[in-house]
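We call the chains A, B and C, going by the order they appear; numbering starts again at 1 in every chain.
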Amino acid sequence: MSNFGESLLESKVVRLHETAAGCFTVVIDNPPYNLVGSQVFAGLQSVKSFAEDPANDVRVLVFKSANPEFFLNHVGLEISDGEVSEPLEILQGWPAFSHWLSSSPVVTIVTLRGRAWGFGCEFALSADMRFASRENTRLCLLEVGFGALPGGGGLEWSQLLAGRSRAMEFVLSSDDLDADTLELYGLVNRSIPDAELDAAVDKLARRIASFNPAGVAMAKRYLTKGQSVPLPADLAETAAAAGSLLSTDAGQAAVGRLMVKAGGVPFSHEVELDLPKLCDVD
Amino acid sequence: MSNFGESLLESKVVRLHETAAGCFTVVIDNPPYNLVGSQVFAGLQSVKSFAEDPANDVRVLVFKSANPEFFLNHVGLEISDGEVSEPLEILQGWPAFSHWLSSSPVVTIVTLRGRAWGFGCEFALSADMRFASRENTRLCLLEVGFGALPGGGGLEWSQLLAGRSRAMEFVLSSDDLDADTLELYGLVNRSIPDAELDAAVDKLARRIASFNPAGVAMAKRYLTKGQSVPLPADLAETAAAAGSLLSTDAGQAAVGRLMVKAGGVPFSHEVELDLPKLCDVD
Amino acid sequence: MSNFGESLLESKVVRLHETAAGCFTVVIDNPPYNLVGSQVFAGLQSVKSFAEDPANDVRVLVFKSANPEFFLNHVGLEISDGEVSEPLEILQGWPAFSHWLSSSPVVTIVTLRGRAWGFGCEFALSADMRFASRENTRLCLLEVGFGALPGGGGLEWSQLLAGRSRAMEFVLSSDDLDADTLELYGLVNRSIPDAELDAAVDKLARRIASFNPAGVAMAKRYLTKGQSVPLPADLAETAAAAGSLLSTDAGQAAVGRLMVKAGGVPFSHEVELDLPKLCDVD
């Protein structure tokens, strides 16, 4: 997984490698279970800065995980003055980042292997394309089960990709879907046998990067017009709504109950592996 | 099917039961084949009134049938002064009811088992989510075959759920689709083995009802914005267009020819079981 | 394939036959591999003129190919003054034709058997419905691989039918999809065993043509409102953008490189059979 040589970034937890002209791979590696905290988010922001510099000629970006158990996990919960919350810079920075994933001229592809709970799922859904390991993918937007809602991209992309009824099921159930169901619902492009996944994504990424860059960028621009991607203001609104919900008494009670049920934060490895189960009816 | 105890409504043909806090089941039971007439429609309206009273704390509504052959059937045709029509209170009341199914804060789920022809199909499509018995589901919008069109929700939801090309096929063919094709087309969330269907829907409904109600309601509201559900005025327009078409000479000729072919109204049980066949090219 | 009797048109390469009242079949037959040139496009335009004459009572049009290897192929490239381009009357006439396929009162159905590269693929996607031979269908929008983009319908219909992420994959990869993947992506209504395909489409077409024409036309009109089909001005814009891209130095370099790789134009039968392979990374 780290046979790419030196990373182009300073971040230890988010590494960037050029795999072909114009074609780059991002490896997310925050042991033990790829939680999203300030370091990971800063690393992702530095990928964005790198890609926005025309001198770097970034045309295709593939995101993958160094950890086969977790593609990318939820945001680490913080407790201060007895209130549970998520780090402010992530809450505030995520809507613009989510919008960049779909609206920048760079083509963004996710190699999905392992679990993606909450933020990690929203991240995967916001990229241009997603390919999932058939045997080893589980996606869950667990925010409603935790008393809030998947604002800032989760709600919006679920609906755009899966249609209203299946988005409603995915969002309101706060339960996870496997690769074949994700494929049926359109939440991933395809479910691919794990042994073939990396080669399939690599082939697609290199192929796109080999074409006339003006054609690729213009095609993506036409596929990004109108209502085909959520607008930044709408993403910011649902992200703020999620934060407000979490800070209400009912939101705090919901998350507090689950923290007790889980045996406190940070959650154990065992709890993380099956996090949607925490929302089961007792 | 009636192990729910006393119904919360006066209606004999539409019964309502609380299955968990905030979680209710509606059972439709109008022998012999769940035709929609004034009694059934009044029963459905009383479910809506009950759910709209905040004192009743209705957050999730599951609709199912007492009759495994028919989830919910078409509207019973009436003949007066030699003209065939549908009961006026249903034609006029349905668009607002259809809109309520998707836009109220209550989450509406359909357990689909058996046939749903015409109105019954439009009803199922207008709910937030639908889960179908794999072995025993047939949906058909037979209105075009009867000389009219599935206004007031059928057209609109077919297009929103299945996309334009498959909606065109479903609506213009006036033919029925089985559970696996409905799943492929997105017209149901999933096709589930019959023996597992009730437990799967029950689990989902109770799970949603156990979450912070403010989060559930807000998530549904965000999934109901913009063009994601048909507007009442548009539903009323297509419902009225359907009624007008039926009253033209060509509409009356089409329905009259089928009534003769079927051996008169009301249709026999045998004809009802295979109603889309009535529209076969001779 | 030509057991239809005399064609209703003068064109030799595009033939038209009435198969039932209101129901017509168009057979495209331009050996050796159904390239689209001035003759084929003129033949298609004469189908449109025929269908627009109310006296001909055209209500359902089925398009199929006389050649099982190719449903309909790309536009033949022309070289003049050292510049590669497509025939101007096709580039300029296609957006309006594409719009007619989806917005006319006539119901348009494609029987997909064999390959459809570039223009042929855009044509198939622009019709109201498409049914594909399970064993023998390959669709590819290879324009991005040739340095341009699939303007005038390819971009738009891919997105409307398959959603943004799968459209992005289909358009940017310039690679082909088989019938089962096209069905999964919603790019065809269904994948049908080859031996059953013609009978299935024929049954659907005759069934629709047997219904009250006013109901069929009104249902199609309601399924064509708003953003559900691309507007002529948008189709013309992306078609013009494609032409401009192809005439840039980068576009000419891309197509020139592939022409050399293929051994010159016109492409050999062997190259045509596997055209997307020409865009493989070397």
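Basically, a contact is a pair of C-beta atoms (placed from the backbone, for glycine too) under 8 Å apart; a residue touches a chain by one contact, two chains touch by 3 or more.
Remember, predicted model here, so these are calculated numbers, not experimental data.
Chemist: For the Cα fit of chain A against chain C, please give the angle of the superposing rotation, nearest 5 degrees.
Modeler: Here the rotation carrying chain A onto chain C measures out at 120 degrees.
Chemist: Tell me whether chain B and chain C, two copies of the same sequence, contact each other through the same residue numbers or different ones, using over half shared as the line for same.
Modeler: The interface is built from different residue numbers on each side, given that under half of them are used by both copies.
Chemist: Please compute the C-alpha centroid of chain B, do the same for chain C, then give the distance between them in whole Å.
Modeler: Whole-Å distance between the two chain centres: 36.
Chemist: Hunt down the residues of chain A that sit against at least two other chains at once, touch-wise.
Modeler: Counting only residues that touch two or more other chains, chain A contributes 227.
Chemist: Touching residues of chain B toward chain C in the complex: what are they?
Modeler: 143-145, 147-151, 155, 159, 163-169, 171-175, 181, 184, 227, 238, 241, 245, 248, 250-251, 253-254, 279-281
Chemist: Could you please specify the touching residues of chain C with respect to chain B in the complex?
Modeler: 107, 128-130, 160-161, 183, 186, 189-190, 203-204, 206-208, 210-216, 218-220, 222-224, 226-229
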